[in-house]
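Right, one structure below, let's go through it.
Labels run A, B and C following the written order; every chain starts at residue 1.
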Amino acid sequence: MNNAGLDVFFLTLGAAMVLAMHAGFAFLELGTVRKKNQVNALIRVLTDFGFSTIAYFFIGFSVAYGIHFFAPVSELNIIGGTANGYEMIHFFFLLTFAAAIPAIISGGITERVRFWPNALATVLLVCLVYPFFEGLVWAGNLNFQSWLTTTFGYAFHDFAGSVVVHAMGGFLAFGAIIILGPRKGRYSPDGHTIAILPSNIPFLALGSWILCVGWFGFNVMSAGTADAASGLVAINSLLAMVGGMLAALVVGRLDPGFVHNGALAGLVAICAGSDIVHPIGALVIGIAAGAIFVFGFQFIQNTLKIDDVLGVVPLHGVCGAWGGIAAGIFGSSAVGGAGGVSLIAQLIGTVTGVLIAIGGGLLVYGLIKATIGIRMSEEDEYHGADLSIHKISAYPEDDMNH
Amino acid sequence: MNNAGLDVFFLTLGAAMVLAMHAGFAFLELGTVRKKNQVNALIRVLTDFGFSTIAYFFIGFSVAYGIHFFAPVSELNIIGGTANGYEMIHFFFLLTFAAAIPAIISGGITERVRFWPNALATVLLVCLVYPFFEGLVWAGNLNFQSWLTTTFGYAFHDFAGSVVVHAMGGFLAFGAIIILGPRKGRYSPDGHTIAILPSNIPFLALGSWILCVGWFGFNVMSAGTADAASGLVAINSLLAMVGGMLAALVVGRLDPGFVHNGALAGLVAICAGSDIVHPIGALVIGIAAGAIFVFGFQFIQNTLKIDDVLGVVPLHGVCGAWGGIAAGIFGSSAVGGAGGVSLIAQLIGTVTGVLIAIGGGLLVYGLIKATIGIRMSEEDEYHGADLSIHKISAYPEDDMNH
Amino acid sequence: MNNAGLDVFFLTLGAAMVLAMHAGFAFLELGTVRKKNQVNALIRVLTDFGFSTIAYFFIGFSVAYGIHFFAPVSELNIIGGTANGYEMIHFFFLLTFAAAIPAIISGGITERVRFWPNALATVLLVCLVYPFFEGLVWAGNLNFQSWLTTTFGYAFHDFAGSVVVHAMGGFLAFGAIIILGPRKGRYSPDGHTIAILPSNIPFLALGSWILCVGWFGFNVMSAGTADAASGLVAINSLLAMVGGMLAALVVGRLDPGFVHNGALAGLVAICAGSDIVHPIGALVIGIAAGAIFVFGFQFIQNTLKIDDVLGVVPLHGVCGAWGGIAAGIFGSSAVGGAGGVSLIAQLIGTVTGVLIAIGGGLLVYGLIKATIGIRMSEEDEYHGADLSIHKISAYPEDDMNH
């Protein structure tokens, strides 16, 4: 029996499932934006994945882990003493996480961002900002984790990336959205919020479903090897998803957008502690996340007047941070968790991630805005990104008949 | 080598694939119902999964198997002497089956059922009715299987749930549909059937495709452990699917609804005997199922005047029962099967399941109707469940332009 | 530990993922054709899979590998000394490749081909033409590979079917399209090309996404057993996909059809050498494939006036042939590849496949045209295949309101 082969199989499925999640991001966004921006949503999410791959392959992965692939195939297959090219599928799996950063941000800045400047931001974030924090948490860089362990007894625990991926993506989006400003017509001159309705609930729901299913690859395969696969991670992801969905159903008054995003809110929040909390703890974490999402969505859009189109700041940002902290609460053995976690270390790790994200987002998008510009012209925005940028609409045959 | 890790991996994929099938149920229903009920179809199927999870986690699973998860994580990981939290992923896998019950019923009662009463029915069915029969067949409860074995030589064989899941769901739907009555306008006062056309064939087809692909997780992973994975189960599922699809193509005269549901009919029928029949037997089982579905659909809708919107009674109910019986015929070694099966035991097991389902459906939905009511008001039904219940249509942006 | 069980698990996932790709083919075609032919696209792709299963099960698989399944179950489970019915899941996995042949062709001949004559072509191709070349390359039939090895030092290397599947399908389509002729109105009498616009970019994109994700099953599971699973195959598939997507983005000027098909072009081209080329070689192969697809698409449609609706000749045919040759270039150890490959053998293998495909396509479709006819009547084509053949449109409810 060759464990390396099994582990490559294990991570191939993980990578394929999280790759599929990017289709989920695309359709969630497509369904939420107006028809005139659907093609652009599809192309940005797809090509952001492509740009992320290039960025992470050539630079980002070595920033985080110090590993690169500039050697003949015979050497690549046995990096670090593994076999079957394990480190290459490990790269692919971790890339699908890194590429989630622009996919998350995309939902916040959609309907008004220029194509190539956005691609540039993607490259900068996936080369530098994301892998910097990823390396702190998951590769032990700069002794961040060993300092926490020495000081508080335990390292910052983020099993599958509530903070490393989701809070990072969500709060990077916060900076980007601030820099970009709201869509034309989103807020009236006298400060009222004007509803911009989603175009297509079935596609929104399809995106959510794909994300939900793929998430079990995101979480379970975060174990890295088949030997370490954990039924606890799976059941916790399930219960947090259900908790988020049902809380959003009730708090969001049966609204389809809230319900389908509520399931995701629960999944965002459970990533960090899915390997240590009790299933009932996971359910509570998910319920809280679903409620946080609904209230956070309304607060940021209507009170703060920040035009976060898909609500990625509350969904990934706030629920991700909640997940990082919640792992410190519900992971404790006092509430039936597996223990081995410190609430203070969780707070420090989470806050560190959020600060890097907010700073990084303001910096990267601010620099791009100041140099080459980041926002579509008013006329292009009015006509929609599909016709302006891609010279075609989402339903070209229909246009011909009008 | 750690077999428990591999088995958790195995069932994680099974659970994810059957979870995906619930998206399939949602889109199959969305494509078949009228536009004004699409959002409701999506939300009901999604949240029925959520309610089922709660019901099965806290009650249903212990009704069937006597196992619960009310212990610290350290104990959950090793329930029954397994490792890696195997029993928790086993729960998740079996939950995706349990949750298929409301998903199946949903297709029969759609376009007129109230939201919360339906959720209550889901909880009752997944807490009690389904796990009761599941426990009889798969956990040996009440000595049902040992009595069959003693009396007829063999237990009731239902490998992946033709009867336990599909006939149960389909005939529960039968009771529910009778209780609910037909949609307004489905049958004219003088007894004619009035066509209510599906809204969206591409989404219907998408749902069918997702179900077909996920079904290979449903059947193959029913082995429970990777060691027991069987190529025979896979090829039999394939050939039954193809048989059902092609039979429905011919009998249904190239109609897309029949073809896409015909594939599912074959898959429903092969679940029970997929581990024991010969591939050519599986093909025959599937062909019969495809024809049964088309004729059954027309018979129930046009002759019996029962408004089973998606045809779940013939699809899951009748084809599921056919699968239970067919395992007793084609599983015999006389026709190249693996043997170890008794036609009489198959008949008894199947009839028992069907009777429990019809009784349970009439009882649960009848009780709810008699107490809190089960059916939408005429006005709500006229306006559609989307606007009535969810205050939004499936394509909100379009509405604004009309 | 039972390796056979693990390998059945491995190939079950591979088969399920490539089965899903057929849904991808269906939606890619549905999104590209006009609305009046969407149902037909769905049904043809689905039932072509069904006809292929029958053809390959009863004839094609034994043409290629000399193995059949006409024995009792007890013998099927241990064919060739394997266990757990490995050979049956191996059949299923290889069937999903065989069935890709009609799925590829479908995109070229859509919107004008008759239903049953097309089904006949599917059966002939999957019974005879495809397995003949498949057997030459993958089963060592007729000493084709041993002759190449003796003469040029190495056999023709086609790991996952750039030539065996894709160039074969693409060039079979070439013959079929020539025989069928262009759609009515595609070229004006004075030789101008008239745009026929796609109906639905979101469904086109959905199809592409499903194909991309499923492709990792196509390539990685081509290893046949979990022990042989290779991270190199996965990362190479990833980088070729990204290369194709980004090249098509630039060359195709941000057009959604080009971008989403460009990713597929890279994946087509990497199949052959994914187990031997360096990841950067894979990226270059993908970039070239993306550019080849865009230029090839425009050349064949506008210059050659061949009405290849989805561009399957450049996509699968030309990029597949490029992949066969590229494996001989980038697989060389001189450029960091794993070596063990001969450029001349690659050229001979590729050209042999292309010639068999062109000849086979002209022959099969020519014979059918000459005998029972292959093309829809002008009136049926005008009204669309959906109403003409299936008596229903893709959005029946909408029709009723018009």
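The rule we apply is simple: a residue touches a chain if its C-beta (ideal position, glycine included) is under 8 Å from a C-beta of that chain, and two chains touch if they have at least 3 such contacts.
Because the structure is a prediction, the values reported are computed rather than measured.
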{"item": "Rotational angle, Cα trace of chain A fitted to chain B, multiple of 5°", "value": "120"}
{"item": "Chain copies touching (chain B, chain C) - same or different residues, decided at half shared", "value": "different"}
{"item": "Mean-CA-position distance for chain C and chain B (Å)", "value": "33"}
{"item": "Chain A: positions in contact with at least two other chains", "value": "1, 6, 13, 200, 206"}
{"item": "Interfacial residue positions of chain C with respect to chain B in the complex", "value": "1-2, 5-6, 8-9, 11-13, 15-16, 19-20, 22-23, 26-27, 30, 38-39, 42-43, 46-47, 49-51, 53-54, 57, 69, 71-74, 76-77, 84-92, 95, 115, 200, 203, 206, 389-400"}
{"item": "Sites on chain C touched by chain A in the complex", "value": "1, 3, 6, 10, 13, 17, 34-35, 197-202, 205-206, 209-210, 212-213, 216-217, 220, 225-235, 238-239, 242, 245-246, 249, 253-256, 259-260, 263, 276-280, 333, 336-338"}
